[in-house]
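There are structures below to look over.
There are two complexes below, and they share subunit A, which is joined by subunit B in the first and by subunit C in the second.
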Partner chain A sequence: MSAFFIEGRDFELFVDAVIGARRVVGPVAKRTKFVYAELESAEELRLDFDVTILPPKKVFFPPSQDLVRFSDGVVGGCIDPVETVLLGVHFYDVKGIDMTDFLFRERNEDWNYLAQREATTIVASSIQSISPRAFWSSVGAEVEPQGHDAFLTKVNGGYLFETRTPKGEALLGYGSFREATDAEVGAAALANAAAMKQCPERLDYPSEAIAEKVRDSFGDVAMWDELAKDCFSCGSCNTVCPTCYCFDVRDAWNLDQASGTRTRYWDACLTREFATVTMAGGGTENFREHHSARFRHRFMRKAAYLNEKLGGPACTGCGRCSQACTADIADPVRVITHIMEVSS
Partner chain B sequence: MAKPTLAFFDFASCEGCQIEFTNYGDAATLELLKHVDVVEFREAMTETTGGRIDIALVEGSFTREADRARLQDIRHRARVVIAYGACACTGGINALKNHQDDFAEYVYGEHATMPHLESGTARPISAAIKVDYEVPGCPISKDELLLVLSNLLHGTEHVTPPYPVCVECKRRETVCRYDEGDHCMGQVARAGCGAPCPADGIPCEACRGFVDDANLTALEKVLMERAGFSQKRAVGKSRMFTANLRS
Partner chain C sequence: MSCEHHGHDNLFLPREARILHTHRPTASEKHFTLQLADGAPLEFAPGQILEVGVMGYGEIPIGLASSPTRTGTFDIVVRTVGRVSTAINEKEVGDSLWIRGPLGHGFDLDSLKGHDVLIVAGGIGLCPTRSLIQYIEDRRDEFGRFLLFYGARDPLQLLFTEDRLHWRASGDVEYFETVDRADASWTGNVGVITTLFKKVQLLPETRVVICGPPIMFEFVIKELDRLGIVRENIFVDLERRMKCGVGKCGHCQINDKYCCIDGPVFTFSEIQELEEAI
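Coming up: the complex of A and B.
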């Protein structure tokens, strides 16, 4: 790993040069929020974003993704990766991508995800603005962000650019970088440490203790009913989550009635029909029929069930679910703190 | 093999869903006509039919007893009946009058007693006849209607998304109306439309009806706490398209 420095005035030139050579996706403003979008020019890039509506996993796992096209009995896959630079990913989303990388690779390798993932260079960036519901400084602190190719930190009127992989180093040729001084490296470390201290929400318990207590609360039906009372089963906490990876697959015919597409869509385990299955001999059963069972399931998945696989909770502390929930009942800090404090 | 016949019928409605169908444009319509024979379509052709029909598309709500005989005749002649549009599926906006008694004076003034204005309770057409498929919405999503027709042509099952509009809003990364100080009913409204209204900055009015188990208590709470509605307005808000789905 090496550290380089680029002056602020040269940074836009660097971004425009990369845009000239590759597809670049980064945070841009959308009304009052931010979203990841393909950049047409460096001017659109908003590295001062607090959090985006959807996490950057959408670059590899889009909300809807064609899997198969068929035409007159001929069937073909849709994997068509584009060399991409994902520029401006906060460390908590780097952790999220690392988790989906693992989940789409374990057992059946899912090349509908992995092909675009491998064609992408991830440039992480320092947190300049902080989302009001963030708790990334405390949740899963034992999980190191990894899988990114470089890390940008805004410091001293420019950016420190730390490369971590050859893919990250390959970007150096697009800009006027020089080797960073020890003082610049130190200043960047201070800036990143300072951001950690400003995180507005905290989950003040170790992940293992949380996992154990959350599992133990499974049978406390009255508590889960109360916590989920205002749940709409709208799935917003799922659809904005950086670690959710469930999808549904549907076919659609084209107008010619001879060709069509098989497409996967993000699914959400909070929605009512998610756990509805067809029974042998016909009929259906919903094995999480009540909304509180679905609400509880999400906390089991995020705080306990996946921990052994992922080395920590399936939660990055981005706070998107807390913000997206119109009833404001999804906040993991509030729910887990409640379980830690009152559940027996 | 002969192409299946398709006929459009309308009851109490604005016929906007027929118009929405014509919005496919020439290329798509001509392509579709390779697969179906349209034999009656008041907004687009003069011919009508009294014979058997493979697919009957019925628009509008059932508001008069005289409609019942006409609906039964359509049912008798049709292999498949599709209710399309909010009026046909739930009673739609017409059902607002079911909870009021002065609507005729309010709307028509001195002409309120003209005989052709007489009508009863606005109901979905399923209150009169068996309906095989529903394509909800005000107006319908023409792409969804096309999917339903495609599935019929291929003998495959059509599945209307059972989840709420929030799912589709998030998938297209629309800024939530509540985050802009507005209100919305996407949390309880049936999806399948692709959530075009919030994407244009307009709250969801639940024109496709409610999802199963819609949490209306929580909706009223959120409308009051986050959108600043009075209790009366919060309770009445969701009636516009769902008056028949409320007590």
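Coming up: the complex of A and C.
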């Protein structure tokens, strides 16, 4: 919508003012890495982060979330959104949020996610440091990030603040913003373009060609066995993924043994039990028994199955799975490049 | 207790259903007749499922086992298998179950109407197809010939004794049953369910519904191929671990389909290309 500028020294005051008014979640340091956490003061905010351990989807889709509470025969929901500003989201994570927004809304609207999502203002931010396994400049490049309310770019000793929605504009009142000059807007565009050029890994094939070839490789069992042979089925690739949204639902009793909760927890399709059904007589049927079938399923989901719905792959190029994988076999750049080059 | 300040529906909020009647057809199965606690009718189509639960234990997907033509109450049959089904099967008349649904995509009645219909049900697969059986019985003139094949492992596993007596005597359905292994009391057909095919003549336009253990599908499809029945006219009712029932949680995925919202009833032509289906 419009572009504004705020001096570096005023930026901290702005962030503190927003913290005074709303819950603010942003990237903070955790030992040598970064995580999204609720900010107590602007000092904690680290907009120079490269990538966070977990993606920001946890603000709307937390690792555990109560869906239903019960007590003595009374059952009720627990949708209870809190007005939140999510400050400092790289564009690739905005794309991930766009995908989970779509997936939790399509066919059956899940307000356990959507209510908190609607109560959140997202301020995207420019990439100042780059994660070593990132490939966001090339994967799904045809898909533009949508769901942010403002975009912050570090430039000329301050920040360019581009508002995208009325929710983003509403933040202007908390800081000493002035209208940006054309030179500042131009410098921000250059800074963002320069970051794109520094992305360390590349996936040099169009999304449609990848989708087709990955889908066609389904029956190449020997190749998938080889790609997955070191998989521990730990699910770390799922856990850190901004577009993974599978979950388990479990009931738990409170200590009073009269009340309790039905809660959803992040789940991971790489884990052995994920597609298992208990059969009569105590036996089980696992519809993806072998770890290579589960490894393949993840790549089908990320590169092929959801493309039509999402307009591109269900991958943002954040590189989190590449970094999180204990055996270092999850890197989509390596796996997909292998399929493109080797698979017939 | 409730913290719902939000005006929108919660997909996970179950409704209370009272148990009006129970029956134990076998040692492991329990047949419930239910009614919503608020007295509202449950509107559904044959083949749709419910998530059925006991608060504090969890929910499981269960196919509705009665026809929507029989209004006021609805039936489910639950086999004691795991933690949740055990908790459900401990409930008695007067107790409540908590349900969500109907969910999913049932049988395509428009495609069945006006045609001969064969239902092939193996084991507990008879329960979700019972909804369709009753529907056809209640609207008998909307369908052509109606045949039902039912197979169980042994005579002790046979479900719906009263229904079976009725089907045997009924002029509305050509009913055939078999057991894989007989006992001393059994005088009927012995052998896998495909042995029933040689007892009847079927037209290639017959619509066929299959529900049973995965191993059964393969052999039944072979028989249907032999009879020239095209795969668009074969309907299969699949079972997966449908945890949320609303197409989100991912547990019931078959390649790019969600069993819970794209199924659980599929045409065989839809799923024959899906490597993970059967």
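Just so it is clear, the second predicted complex is superposed on the first by the 338 of 344 C-alpha atoms of A that agree within 3 Å, B and C clash if a C-alpha of one lies under 4 Å from a C-alpha of the other, contacts with A are read in each partner's own complex, and residues count from 1 in each chain.
The criterion applied here is as follows: contacts are C-beta pairs under 8 Å (C-beta built on N, C-alpha and C of every residue); 3 or more make two chains touch, one makes a residue touch a chain.
These numbers come from a predicted model, not from an experiment.
In the superposition on chain A, contact of A:Ala29 is made with neither subunit B nor subunit C. Subunit A has more of its residues touched by C than by the other of subunit B and subunit C.
In the superposition on chain A, A:Ser71 makes contact with subunit C only, not with subunit B. Of the two partner chains placed by superposition, subunit B and subunit C are both touched by A:Arg250. Touch criterion not met for A:Val82: it reaches neither subunit B nor subunit C.
By the touch criterion defined above, A:Val342 reaches neither subunit B nor subunit C.
Applying the stated touch rule to the two superposed structures, the overlap between the subunit B and subunit C interfaces on subunit A comprises residues 250-253. Residues of subunit A touching subunit C in their complex: 67-71, 73-81, 103-104, 106-112, 114-115, 218-219, 245-253, 259-260, 262, 264, 267, 269, 274-280, 285, 287-288, 293, 297, 300, 304-306. Chain contact summary for the complex, subunit A toward subunit B: residues 30-33, 35, 53-54, 63-64, 229-236, 239-240, 250-253, 255-257, 265-266, 268, 271-273, 291, 323-324, 326-327.
Residues 28, 31-32, 35, 146-147, 150-151, 153-154, 156, 159, 162-164, 166-167, 170-173, 175-176, 178-180, 184, 186-188, 211-215, 217-219, 221-222, 226 of subunit B are the ones that touch subunit A when the two sit in their complex.
Contact residues on subunit C toward subunit A in their complex (touch as defined above): 1-6, 8-14, 16, 28, 53, 55-59, 79, 81-82, 96, 98, 124, 214, 239-241, 243-244, 246-251, 253-256, 261, 275-276.
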